[in-house]
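Reviewing the structure listed below.
Labels run A, B, C, D, E and F following the written order; every chain starts at residue 1.
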Amino acid sequence: MDILRKLYDMTAFSNLLENPAPLLMLFVGVVLLYLGIKKQYEPLLLVPIGFGVILANLPGAGMGIVPGEFIELGDHKYMNLFEIAHEYGIMNFLYYSLIKTGLLPPIIFMGVGALTDFGPMLRNLKLSLFGAAAQLGIFSVLLVAIAAGFSPKEAGSLAIIGGADGPTAIYTTIILAPHLLGPIAIAAYSYMALVPVIIPFMVKLTCSSKELKINMKEQDKLYPSKNVIKNIKAVKIAFPIVLGIVIAFFVPSSVPLLGMLLFGNLVKEIGANTLRLSDAASGPIMNAATIFLGLTVGATMTSDVFLDFKTIGIIVGGFFAFAISVIGGIFLVKGYNMFSKKKINPLIGATGLSAVPMASRVANEIALKYDTKNHVLQYCMASNISGVIGSAVAAGVLISFLG
Amino acid sequence: MDILRKLYDMTAFSNLLENPAPLLMLFVGVVLLYLGIKKQYEPLLLVPIGFGVILANLPGAGMGIVPGEFIELGDHKYMNLFEIAHEYGIMNFLYYSLIKTGLLPPIIFMGVGALTDFGPMLRNLKLSLFGAAAQLGIFSVLLVAIAAGFSPKEAGSLAIIGGADGPTAIYTTIILAPHLLGPIAIAAYSYMALVPVIIPFMVKLTCSSKELKINMKEQDKLYPSKNVIKNIKAVKIAFPIVLGIVIAFFVPSSVPLLGMLLFGNLVKEIGANTLRLSDAASGPIMNAATIFLGLTVGATMTSDVFLDFKTIGIIVGGFFAFAISVIGGIFLVKGYNMFSKKKINPLIGATGLSAVPMASRVANEIALKYDTKNHVLQYCMASNISGVIGSAVAAGVLISFLG
Amino acid sequence: MDILRKLYDMTAFSNLLENPAPLLMLFVGVVLLYLGIKKQYEPLLLVPIGFGVILANLPGAGMGIVPGEFIELGDHKYMNLFEIAHEYGIMNFLYYSLIKTGLLPPIIFMGVGALTDFGPMLRNLKLSLFGAAAQLGIFSVLLVAIAAGFSPKEAGSLAIIGGADGPTAIYTTIILAPHLLGPIAIAAYSYMALVPVIIPFMVKLTCSSKELKINMKEQDKLYPSKNVIKNIKAVKIAFPIVLGIVIAFFVPSSVPLLGMLLFGNLVKEIGANTLRLSDAASGPIMNAATIFLGLTVGATMTSDVFLDFKTIGIIVGGFFAFAISVIGGIFLVKGYNMFSKKKINPLIGATGLSAVPMASRVANEIALKYDTKNHVLQYCMASNISGVIGSAVAAGVLISFLG
Amino acid sequence: MSENFELALQLLGIGMGTVFIILFLVILIGNTIIKFVNRFIPEAQKVIRQNVTSVLGITSPEKMAAIVSAVQIVTGGKGKVTSINKE
Amino acid sequence: MSENFELALQLLGIGMGTVFIILFLVILIGNTIIKFVNRFIPEAQKVIRQNVTSVLGITSPEKMAAIVSAVQIVTGGKGKVTSINKE
Amino acid sequence: MSENFELALQLLGIGMGTVFIILFLVILIGNTIIKFVNRFIPEAQKVIRQNVTSVLGITSPEKMAAIVSAVQIVTGGKGKVTSINKE
């Protein structure tokens, strides 16, 4: 009898009887895995996040992230990392050393930079503007979220989902509202994964067939731009350096993200001489960062954190942030076309959202549906990449004012 | 004169005159290197461990791991990692951040998972049971070790050597008896390396030639199993998810190990969509973890820790734990064969020990020696892999009751 | 009006008006990038260092390294790493966990070891001596620096530039004078990059055409050495083990650097059985370490640190340390040639400096200029590699006496 | 000591029991998943993967093989293609 | 709440304003760099690379060229050999 | 200062002395190992390596190429050989 009692105590069933909520969270974890594996929604992130949710909600396993207050000692003192590991286990050790310090999102941005080619943007610089308009979802949902009762910091974290950029959303949320990290990260990555659904939907809602047939190459022939780039390699090397310095003067709080992005891009563009660095940044470093980011962000989603009305607010608000961002880009194009002889395809506005490169691919497919010869991919990439800069800048603004 | 005096003080000779014990440990380190390099006993671990032993015992170099009490401040407070580095150098920094936190063994298990194929086990599920029987060495040696005067925690760490799984042994020892980490890790890896000697020896001791000639494929033809797997990929993806959740309910303390193993396996089985993650988990992450695990575990073996009667106990006890585990597996097969028409080759019991995949290869060679057409590799892999699960579960039980 | 005010406050322009010195540092950063990218001076280090300088000097971005006193709490207590991240951002987190702990230089040395081939040295063991003579720059500049008013610790850090070895210089400076880390690292890597200028200049200054035509292969034929290596693989495996132990007895403080170098070399020489380890050590681990070392070392160069008379002292002193080291090697050869029938090409003394393998290549080109058939590369590599050992030993001496 | 010994005896029972229960569950779970999959998703689906090779513009496997074999031949079997990145 | 709402309204202005300013700057910087480069360094320079091949024991440039050209031909110039590791 | 200068002078002696001693030892150790190896293990032994390719039974580059192409064909171009390490 005694042995059976001890055996029972070893298991997690008593915990489950006390509080069955984790079972619901296990279901949420399995759904995320399903979306990542079967539906192929951003599998590189949703699979680790989903598994992290499961790990965190296995009762008695001690893999869930504890709230920040647990490690505060008051008077600006905190438990040290060794004590965190000792007290709360390896997941909290990873979370508090890699995520809560704000380290991994900039590290991932370094890898993203090493995989980014600013070429399409440099060849169509004007189109960058639409990457600005497509941040509209961020600031308008911020307004609505505050009206709906979110605190400004929470609202800022929610709104940044409209930037359609995972690391940016996570970085902003770590600083502003770490208790919402799980749902916001998941909403961000899920909607990014849903770009092939959201963009066509918003485009159909707002654009005429005639607009979608605007052929950018023909427009280029009709109204050729003056700039020819004679030495693209030199331009690509100088661009991240100068850009990084100038943006930093205006929005210094965006430097941890943008600075690392541009550093990654620089070592890539230098080429053979720094190949070891760009290979490492975009390979093992980024991949390892992705694993630990996903698992620990997922592990923040314990049942008491996730099963909250705010989660619904985040899911709904996140969608509108996304949708409004797409519309923002489209309507700036429409406005531009009213005053310019050289017309722009509104799809290029829609991709200002970022979600590189999927948004551009989706936009290209839409264009081809209306005109099988109308390849807009390279043009979309211009606004698409500038949308990444746009949301990092927006994040910097939010952090400056709300952080 | 003064200069020569100062020169002499700089060297380590005065330390050696005071305490020549480290010289013996240098010899131990060289022996471990010899085993790893020349005898090719688990070189991936024994070479870093051996080198770590040497580094730790170079007098004056400050590369040896200091006992846990040195960093305790009392009242559940510990020195922080920066202070540890400052005070005790980089080896202690690595040890206390990566090993004593319990981080690296689960990280290595993630890599092991990404290299493991549950296919053979899924095709012969029943054989998994022998991976349970082969944990007998753990719990019987636990009994003996306690009788011999080891404390329960020390006995648990010693006994887990019978799990024939390096990361599991290290993880358990970190939690239960970190002061024995060096000798236990070395015993575990050495006996795993000696599997090609131990298994044939135990098999010869317990099995008849007739038993060893049992041909599994013929048995399969005579008594075919009903299950056919129509979609192995789907099964392989679902298996780690469901298994992880269910085991966690029963033995939550095994989650850090098994959860990471199954996560690594999941991203591997998903395939191309998460290839970046499985590549990172089984490549740079696991390799880097192996280097730092080996060096720091070796560095725990300072002369005062190693030159102790307990070390002998560990070496002797570890061997019996191994041997009894092999016997446990074999005898469950013998028992099974007494009641079943469909016979099982006892080699499949012997490989329940784990030590994947070497045990299976060794068993296969033995089978071929008795019958050149009797390939048992795939069947052995079934119990072999289940033996990994078995020892992680056993570790969880030990940690729950003794930790 | 209010909005514009707030917008202005968000930017860094007010900071720049207060203190425009960072602009000068941005210029320094751009110059370093120019040297690394266009002039190809050690791009793997100078590009991250240059970018780190820029990041650190973007006002308001919080990416500059704060002085060590900022994290001291008195009474041998320090802020913990989590608090450092929280208070001073990710750059300081990386710096204080990876650099100030002394971790990355030994880690990079492990990678260097895994890329080093002791073969040429083993085949010409006698030439190793010139790697000793070429440490003369270190100890003579130490004398001058102290005379010039540097504190002994600062002088030691400055002098180690004459070792022509980046990680050694950084490691020594971390321990002796961390506030000079930026300028010393940059001076070290810049002069290493300038080896193709410095060596020919010093050689021309001190060697006659006749000396430079000394053909080592002919000398070998005239005066053959007795040793033939029958089993190079075994020698290469035993060498790092024995060497590590023996050097450690004499200069234990050099173990963190030399021990890791020799470990990296050992796993490389073992070959296939530890391929995973040497691949990891010389690949992802070293590359990641290089990125974070470069960025954070660069980030120590805030304007108040760099714009100091000591920086000029470091630049001037570093050059002389380099130059005298080259001369030291050359003059030992000249001395040797006075007493020996078998003559040695003084270029082999010049490469004792280290800066592997560039110094050897440069020396080889000089030799070929004087005699198109006089290939001295393999001989130069012997003194070149021993120069690495020499400077690590010199660093150990400095650390023992000044640390 | 005798108390510890009792604990060890108990653990022998609990431990082996747990291990057997878990591995019974492994069998049960495995069989259940196999049956479930056999009934509901018996056929492997075509997964639209993000094709690494297509990104490289390597359209045929023969081409890929050609690269690898070229490397092998030229390096005397000592080289390996760790990765081929698109520029 | 109403105070927060005002803050949000301000941020809508400041935020969108900043984003537009920055992306105007992106255009400006991009065009300036292009013009500068077109005028002062219009031609790409030959980069003297640190040669990896000698380390590999690939002694002849012909062999190396064979590998590279194989990769180039097969990938239509889009692939590059990032590393060939000798064992 | 003069005290420091004296320290520096001492270090010049101690430092250069130590460096020379160590590099003499390097020569000594190197020669000793070479002699020892020449006498006791003069021939390189065949190491029974855990050969990845031999496990796969790949003996020639052609076979290697064949495997890669087979993988490609079988996976419809969706699989890639990330690395096959040959010893």
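Here is the rule we use: contacts are C-beta pairs under 8 Å (C-beta built on N, C-alpha and C of every residue); 3 or more make two chains touch, one makes a residue touch a chain.
Owing to the predicted nature of the structure, the values given are computational and were not obtained by experimental measurement.
Peer 1: Hop across touching chains from chain C and tell me the fewest hops that reach chain D.
Peer 2: The least step count works out to 2.
Peer 1: Centre-to-centre on C-alpha atoms, which chain is most distant from chain D?
Peer 2: Farthest from chain D by mean C-alpha position: C.
Peer 1: Sort the other chains by how far their Cα centres are from that of chain B and give me the top one.
Peer 2: The most remote chain is E.
Peer 1: Indicate the whole-number Å distance between the mean C-alpha point of chain C and the mean C-alpha point of chain E.
Peer 2: Computed value for the inter-centroid distance: 29 Å.
Peer 1: Between chain C and chain F, what's the gap in Å when you average each chain's C-alpha atoms?
Peer 2: Distance between chain centres: 21 Å.
Peer 1: Distance from the CA centroid of chain D to that of chain E, rounded to the nearest Å?
Peer 2: Comparing mean C-alpha positions, chain E is 35 Å from chain D.
Peer 1: Counting only residues that touch at least two other chains, what does the list for chain F look like?
Peer 2: Within chain F, the residues that touch at least two other chains are 14, 18, 47, 50, 78, 80, 82, 85-87.
Peer 1: Can you list the chain A residues in contact with two or more other chains?
Peer 2: Within chain A, the residues that touch at least two other chains are 6, 10, 40, 80-81, 250-251, 273, 279, 283-284, 397, 401.
Peer 1: Considering the complex alone, what residue numbers of chain C touch chain B?
Peer 2: By the definition above, chain C touches chain B via 71, 76-81, 84, 96-97, 100-103, 106, 110, 237, 241, 244-245, 248-253, 255-256, 259, 263, 266-267, 270, 273-274, 276-277, 279-281, 283-285, 397, 400-401.
Peer 1: Applying the document's contact rule, which stretches of chain F touch chain B when the two form their complex?
Peer 2: 10, 13-14, 17-18, 47-48, 50, 78-80, 82
Peer 1: Of all residues in chain A, which touch chain D in the complex?
Peer 2: Residue list for chain A touching chain D: 2-3, 6-7, 10, 40, 279.
Peer 1: Enumerate the contact residues on chain A facing chain B in the complex.
Peer 2: Per the touch definition, chain A meets chain B at residues 6, 10-13, 16, 26, 30, 33, 36-37, 40, 43-44, 47-48, 51, 54-55, 58-63, 80-83, 85-87, 89-90, 93-94, 283-284, 286-288, 290-291, 295.
Peer 1: For the complex, which residues does chain B have touching chain D?
Peer 2: 121-122, 125-126, 128-129, 131-133, 135-136, 138-140, 142-143, 146-147, 149, 151-152, 155, 227-235, 238-239, 242-243, 246-247, 250-251, 271-273, 275, 386, 389-390, 393-394, 397-398, 401
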